[in-house]
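So, here come the structures, one by one.
In the two complexes that follow, chain A is the common piece, with chain B as its partner first and chain C second.
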Partner chain A sequence: MESTINIYELFSTMIKHNVILIYHGMFDQEMIKSVLIMTEKKLEQEKVEEALKKKLFNVMIEGLQNVAKHQMVLNPENHPFLMIGKDRDSFSVVTGNYIHHDKIMIVREKIDKVNSLNKEELKEYYKQARLKSVISEVGGAGLGFIDMARKSGNKLDYQFFEMDANHSLFILNSQISQ
Partner chain B sequence: MNTELTKKIYDTMVSHQFVVSIMGNIDQHLLLSLLKITDKKLSKMEVDQTMKKRIFHFMIECAQNLSKIDKHQEHQNNSIFLIGKKNEDYMVHIGSIIKSSEKDNIIEIIEQVNAIESDEIKANFYKELTNHEIAQINPFLISLLGISKRNREKIQYESIKVDEQNYFLSFKSTISNLKLTDGIYN
Partner chain C sequence: MTTLKITGTEDTPDIVYSPEGNEFVISGRSLPEDVSNFYKPVFEWLEQLTSTHGNSLKFVFKLEYFNTASSKIILDILLKLEEIQAEGKNSFSIEWYYTDGDDDMVEAGEEYKELVEIPFNILAA
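On to the complex of A and B.
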């Protein structure tokens, strides 16, 4: 009885908040591919138009690559995750992964910088970041965040939830509208 | 969606060790993707081919059964597929909201199958197949007998009243590494 009540709880929450997909586990290239295929099938069911689907996929790929690159496991129960939610005319792509407290400030600064720019400024910033990333660590300039903001056309919503003395759960939410 | 809500859902996923959860009309295309992702998950826990086949059979049969049960329009796309983990066991769940009017009949058939002694399941399965004209065969009964025959266990199910019009019906299959090694399934 216990397990089904838990499922029903999750089922009700998913319906109430229009969550259409949750994946909780480690991400490798194979798993990312499978999750993308599954999402594609799901979007076909939802009859999502091509342009929106493309935007959603672009944001998902950036988000999942970020997670795959930086993922860490605190214990056997806690893994990174992906959630996709649907609002009336938009979708939310939410990723979560663990981050060492030392890195929070850097990530926060990168996202805040991206969120402070308008469309044109973002385009210019992207060009600069790309040039910079050639001579520094790839992705170190926050290209993924810039790309997600550009492709979604919206500000990035994020939060850090402290999990233990050294780590927080970093949740990043990109809203993709038509 | 916001980050606070996401964190709450994530906490639920972690506390019950849910791995994959997808909502929707689990049709053939979506089912195929689910089978692939389940295959990858099971491969990581080194589940052997025989057990995998049983799980896939369970998923396909249950998804087809749930798709055939009458539902109110607003719940046509509301099926959930879930893989959960408890200690060393994995659980596969498929659930859907069905019409209240369907519930009693469905549960009667499930209980009919569960009342059969395990060593008689196989014989009952073939008897049902051969004793009736094709048009008279109850596909739901055959499907449940098939699941019970393959998994060598009772049909695990739950039904929860949602409101006067609807019930949430779910099926569960447990994949246990212990069962793999203690010979129950082999």
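On to the complex of A and C.
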């Protein structure tokens, strides 16, 4: 990083956009545990309600483990990232990770399907998907997006940014409200 | 039935079965990196039930958080119990605990309750 002025500007930008935590690097179980502990401290300071805290934690766990299981590194400057934002009584969990273009369609279809369902339909969809689920080689149950949508109570917001001929940055934003 | 004891950590639950109490208790957080590997001893322990009879066991779930992979594993445990009970040699009951205000945990319990034919009580911790 450059001069202290820039650092102050950077910090102000974070504050202005209600960002409480940023991480840029590889995701693994140890990192996930540390982020959960840090978030827990912050929530204690802010006296966040237990129910909201639980929802946030559930969404974080799914979102972060998802990245840990599917992350790829394009080059040393392009690791996955995490941003957590807090705006009055809601939180946002944003993750970014690089994916191969041939995976985009399947991710898009999964999320669009989840976003097309209402609360009751999601519940039923989760139930059916769990019955059919088989734990994958990387230890996933294929239920992450459904659970994130259920626990957050909101549609999952996502974007893909093309990085090079073969890869895109996949950004997933979950809003968690009371 | 032999003793089962797995000490909990920040991301894995505490799992205890002691033959004296006839009670299997799983508590804490379940978000292991590798669920299949973590729960392997539990399924091995459950296997013993298939070759014994006359057991009347209570399975207690006191979980704070669990990830979706654990949610699938819990379903597999419950379905295994249902299968063993259906053979008619053993009987089981389930207690599913939630902390006050944790509606998602109540709902999770209700969803399991609908799926298995085992006496299932959802209780406030």
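As a convention for this text, the second predicted complex is superposed on the first by the 168 of 178 C-alpha atoms of A that agree within 3 Å, B and C clash if a C-alpha of one lies under 4 Å from a C-alpha of the other, contacts with A are read in each partner's own complex, and residues count from 1 in each chain.
To be clear about the criterion, contacts are C-beta pairs under 8 Å (C-beta built on N, C-alpha and C of every residue); 3 or more make two chains touch, one makes a residue touch a chain.
Please read these numbers as outputs of a predicted model, since none were measured by experiment.
Peer 1: Identify whether chain B and chain C fit side by side or clash on chain A in the overlaid structures.
Peer 2: fit
Peer 1: Could you say whether A:Phe161 touches chain B, chain C, both of them, or neither, answering first, second, both or neither?
Peer 2: first
Peer 1: Just checking: does A:Gln29 make contact with chain B only, chain C only, both, or neither of them? Give me first, second, both or neither.
Peer 2: Second partner only.
Peer 1: Which chain makes contact with more of the residues of chain A, chain B or else chain C?
Peer 2: On the superposition, B touches more of the residues of chain A.
Peer 1: In the overlaid three-chain picture, which partner chain does A:Gln128 touch, first (chain B) or second (chain C), both, or neither?
Peer 2: Neither chain B nor chain C is touched by A:Gln128.
Peer 1: State whether A:Asp147 touches chain B only (first), chain C only (second), both chains, or neither.
Peer 2: second
Peer 1: Once both structures sit on chain A, report the angle chain B, chain A, chain C from C-alpha centres, rounded to the nearest 10 degrees.
Peer 2: The C-alpha centres give an angle of about 110 degrees at chain A.
Peer 1: Applying the touch criterion given at the start, work out whether A:His17 contacts chain B, chain C, both or neither, answering first, second, both or neither.
Peer 2: In the superposition, A:His17 touches chain B alone.
Peer 1: Between chain B and chain C, whom does A:Phe57 touch in the aligned arrangement: first, second, both, or neither?
Peer 2: second
Peer 1: Could you grab the smallest C-alpha gap between chain B and chain C in the overlay, to the nearest Å?
Peer 2: Minimum C-alpha separation, chain B to chain C: 14 Å.
Peer 1: Would you mind listing the overlap between the chain B footprint and the chain C footprint on chain A?
Peer 2: 37
Peer 1: Given the complex with chain B, which residues does chain A contribute to the contact?
Peer 2: 1, 3-11, 13-15, 17-25, 30-31, 34-35, 37-38, 41-42, 44-45, 77-78, 81, 83, 85, 87, 92, 94, 96, 157-159, 161, 169, 171, 173
Peer 1: Contact residues on chain B for chain A in the complex?
Peer 2: 1-10, 12-14, 16-25, 27, 29-30, 32-34, 36-37, 40-41, 77-78, 80, 82, 84, 86, 91, 93, 95, 158, 160, 168, 170, 172
Peer 1: Along chain A, where are the residues that touch chain C in the complex?
Peer 2: That would be residues 28-29, 32-33, 36-37, 49-51, 54-55, 57-58, 61-62, 65, 68, 123, 126-127, 130-131, 133, 135, 139-141, 143-144, 146-147, 151 of chain A.
Peer 1: List the residues on chain C that touch chain A in their complex, please.
Peer 2: 10-11, 31, 33-36, 65, 67-69, 71-73, 75, 99, 101-105, 107, 111, 115
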